[in-house]
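Per-chain numbering from 1; labels A, B, C and D assigned in written order.
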Amino acid sequence: MIIIMNKDATREQIDNVEHKLSELGFKTHPIFGEVKTVIGAIGDKRHLNPQLISIMPGVENIVPIMKPFKLASRELKQISSIVEIGDVKIGGNEIVVMAGPCAIENESNFVETAIRVKEAGAKIIRGGAFKPRTSPYAFQGLEEDGLKIMASAREATGLKLVTEVVDTRDVELVASYADILQIGARNMQNFRLLQEAGLSKKPVLLKRGLAATIEEWLMAAEYIMAAGNPNIILCERGIRTYETATRNTLDLSAIPVIKELSHLPIIVDPSHAAGTWKYVGPLAKGAVATGADGLIIEVHLDPPNAFSDGPQSLRPDKFAELMNELKPMASAVGRII
Amino acid sequence: MIIIMNKDATREQIDNVEHKLSELGFKTHPIFGEVKTVIGAIGDKRHLNPQLISIMPGVENIVPIMKPFKLASRELKQISSIVEIGDVKIGGNEIVVMAGPCAIENESNFVETAIRVKEAGAKIIRGGAFKPRTSPYAFQGLEEDGLKIMASAREATGLKLVTEVVDTRDVELVASYADILQIGARNMQNFRLLQEAGLSKKPVLLKRGLAATIEEWLMAAEYIMAAGNPNIILCERGIRTYETATRNTLDLSAIPVIKELSHLPIIVDPSHAAGTWKYVGPLAKGAVATGADGLIIEVHLDPPNAFSDGPQSLRPDKFAELMNELKPMASAVGRII
Amino acid sequence: MIIIMNKDATREQIDNVEHKLSELGFKTHPIFGEVKTVIGAIGDKRHLNPQLISIMPGVENIVPIMKPFKLASRELKQISSIVEIGDVKIGGNEIVVMAGPCAIENESNFVETAIRVKEAGAKIIRGGAFKPRTSPYAFQGLEEDGLKIMASAREATGLKLVTEVVDTRDVELVASYADILQIGARNMQNFRLLQEAGLSKKPVLLKRGLAATIEEWLMAAEYIMAAGNPNIILCERGIRTYETATRNTLDLSAIPVIKELSHLPIIVDPSHAAGTWKYVGPLAKGAVATGADGLIIEVHLDPPNAFSDGPQSLRPDKFAELMNELKPMASAVGRII
Amino acid sequence: MIIIMNKDATREQIDNVEHKLSELGFKTHPIFGEVKTVIGAIGDKRHLNPQLISIMPGVENIVPIMKPFKLASRELKQISSIVEIGDVKIGGNEIVVMAGPCAIENESNFVETAIRVKEAGAKIIRGGAFKPRTSPYAFQGLEEDGLKIMASAREATGLKLVTEVVDTRDVELVASYADILQIGARNMQNFRLLQEAGLSKKPVLLKRGLAATIEEWLMAAEYIMAAGNPNIILCERGIRTYETATRNTLDLSAIPVIKELSHLPIIVDPSHAAGTWKYVGPLAKGAVATGADGLIIEVHLDPPNAFSDGPQSLRPDKFAELMNELKPMASAVGRII
């Protein structure tokens, strides 16, 4: 930690800061510049509240040297993590695709969708049983009935299941059906939900918050890991910007940034980012080329009649076509799909 | 609702859209322009899923005519709402100030803070018992012990209590102590928590999400209202932008916008917006002048030793000074404080 | 154009709006809804100032039906444009790569860089002679001497030249040396410069503004086209968001959006977006996979000693390696590089 | 300047960095932490290109200690600057109001507007003769004829004139008529224009760029000052965010931030920020209360028929009313208006 004193800081103020740091167990190294003094402080600040120092008289600013996340950081664990869901491995050489409708609507459609996406090469079926909707008047999901439908689709196809959990009270229930718990963008900083997901030990698909920095996202992962669950798959799904041509702005740079800062696998959701099926193909290709470990894509048998997010859903035949187009792309980055 | 057809839409596609709209109970009015056709659709679309139409062949775009929120809208209720917490009225002529520390740390400090902010003119004491912290390693709050301390402070001073609830499982507990339930920025779209807060009937202080639009914020209020609780106080606390000179960018324009769109009262939190106590005074004054119905300000006896958010906390004497400076400001907008 | 009247609009206000629209040459079609009235207005509004209507009493909002850009739009010209710079064609099947240093520093280095990037497959050399720098104390470019160096490099290699122009007074000078005029992000709405670039008839590389919407970007292109110059290459270079992990957030979604809205070719600048050479490779691959028509990449013989933007520059050998890795990527989208 | 080495940096890499810094004239102070080493470097880095160091092997990051602006900084000049335009002083105890139409349309209207805003208490008349418009098809201004009209209004009223200059080639012409040169938001980083404005010696009203950080804004001021012109008035006019309820998001926090970082006066433009006249009053009051040194407000005799920005213009009577309401507000912050 580096403490920057302001240019009018008195010698006494500098001494006080050094004294306080010593008290807190730091070794201090003041550097007296021509205009300002800075103090290097050596020690473990993980449990220090930096504001203790930051508002002492004469202090201008504090610069942390270490990242705030630890378990999620590549500094701690150099080898990339692979999250295993039975025989499906996310973070390895194979690019894993999750596909399915936004909301689960009924059994026959869902099972048929599962069959179709499996044929096309998806390894995991997605679907929402508990839906976080912007409007209280919109369809909120079939809840446990939806989970049961997912289980039937698993039986019929052997696909793994990923579905969202939106309430701490439902974690146990959802975990009893799902293979992967999804934490949605709006709940990325619902810290209690993160803790419960951490305690459940199920693999967690952690979507990036609507306007979350990469550091905050990794801190959310840290919450889950600190609760004992290392099986986290990050999911970039677009961030909020001033641009309205797409629903969100897909931040594909997040892929190389995450690969540098963390050992966790990262997949991409081009459907929620784009908000329209027309851009899903190009963005899915871009994601694979940029280094994503997987994709999650909305597929619906009949998008115009979907209960939720129809405009961004691909029909199964379009999805199958896209999967074919992704093969040479995966191969171009030395991977398979 | 207006449906804009794209310029190459065929007559058959236009007919199909009209047919579908009729089926859904709308009366349709096509207008054939020189380049494009638009279709006006009359009827109650509150429960319509607009995508049913938006992805029909030939449709370019859909423009809603009505706002998505209803109970929260001034179109429905022209008279400004006043939220009453005993004898404290928010939304009336008096500008109500809530003050206190970010986190509750111990009884003696909290009670002393309560006494000091009351002397200065605050009507409500704030304090966090359940803290949503970015890091799992940071202090998470005293939980029920914190609520008990709040209750003592109420007894000692007669102030009302506002405190945050972060988990659906805690709503009943928190509501049994607090006079106002706070829903924090990170939980503004934790829809289950909104519903529980709606069922509890306690007044709710609903902070604007980190990157929430005003429309989404009013939709969050709509969730609480739709669950049966009309007692909502909106709180602007800064939004996320690219600017890093302040912790968040305080959006004071939200005040006149909310006043136009909604009947709900709105208060401002200059402390979280600024991130540093130095800017709290000017922004508090700006908020009052712009038309805020109240303020919520962080006050701590000893900011450098605060467990949380010390840098943005005022000392009680600075707070008292600010309260004095706010008086002519309130009077300049024809109100009292 | 659709005019939405507010719910309390009187019959007289509606009549006044209709009357005003008729006066302006529009045919009007009022639709009387249950709550609000909307008026469809048919006619050419290109030269209408919409505010004439928008602030008439009773008017709530105006919704345009047509895009504000015309010459740049795919609605006007369905076939994708190809910009030809001698034998180099941008927007065709070949993905064209521009490469070179941020600033031109001296002749020998620049010519050597040109030779190296040509060997690696670049078709165009980039370099800044006039540099728009955030600080007045930073190196501002070699100006005409830099242009002369560029010309030598062209002679030595046969590469085409792209370089930035930052002042209306320099357009003629720069155009006398360069094959492509670059308009930088900070000047995207320097409308006089756009007009001069339009008059010059040289192909223009138009970078997206720091925080420009896609619509504003196309309106900037429209300025150049309206001045008589149809040879525009758009360049996505990252937009400003709250995320600080990269210098800018590369918006690869802009590629399919531009392809839908406009016939103009679009290339990507991963170097300025990332701000660090480490992410340039993954983002360049992502850009090609998403459908970019070209790339512009910073290459420097000795990045630590570059006068400008060293941290984001690739060394020539790294650039050559990247060009090789891009080949299967181009092939995967049915193109060559 | 602090150099943070990454955790795997070798002793040799650390030595190399120290060596390079010494070569560049810095004194170095390495601090060997438990995990990482940091190096304090003392010396004048104003002309150093920090990347020289930032991409040396083993370097993780560089943290500047000094601000990049110098002439504009309060560190250099503690006393607040007052910009004098004849007898009008901006930055002193009086809050100065500039008012007038967006574009100059004809002499009689402009002179009448000048008379009306003067009566209401404005000291400076604003009006656009050269208009930077998003669309090439929109009204671009009367150019020199507009300037002549402004001069007549000055003669008739004694008001000072502020008007925008958009092209380096026009600075001399505009300066020959205007009392204050305005640099608009879109040209805030048109560095050549800043330099010309610096050379002209006329007071400059420097609007904050659409998405400019406060630091970039002060660097733009630094350009003008470095060219020899210290008479700069900063103008906050709203920044670009994801929120669409207002045209821009007015960042009133910029006022206390600027007051802390710089000695330059700052005024606020609520009209362009809001985009609608309805919010201009509340925001003007908020600006005064937050500490603005002045306001610039759009006033038009007949907003529905304005050539530009009618929706955000006040009628003269509304403006006079607002000026009255601002008086107690100014008095509440110990100033006059």
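Structural remarks
The working rule: contacts are C-beta pairs under 8 Å (C-beta built on N, C-alpha and C of every residue); 3 or more make two chains touch, one makes a residue touch a chain.
What you are looking at is a predicted structure, and each value in this text was computed from that prediction instead of being measured.
Listed by label, the chains touching subunit A and subunit D alike are B, C. When each chain is reduced to the average of its Cα atoms, C sits farthest from subunit B.
Averaging Cα coordinates per chain places subunit B and subunit C 38 Å apart. A separation of 26 Å divides the Cα centre of subunit C from that of subunit D. Annotation: 31 Å between the Cα-based centres of subunit A and subunit C.
The set of subunit A residues that touch two or more partner chains comprises 211, 240-242, 244. Against subunit D, the residues of subunit C that register as touching in their complex are 46-47, 49, 51-56, 68, 132-139, 166-169, 186-187, 189-192, 195, 209-211, 216, 219, 222-223, 226-227, 240, 277, 303-311.
Residues 211, 213-215, 239, 241-246, 249-257, 260, 273-274, 278-279, 282-283, 285-291, 325, 328-329, 331-333 of subunit C touch subunit A in their complex.
Listed in rising order, the residues of subunit D touching subunit A in the complex are 2, 4, 7, 29, 31-36, 38, 40, 42-44, 63, 65-66, 75, 211, 240-242, 244.
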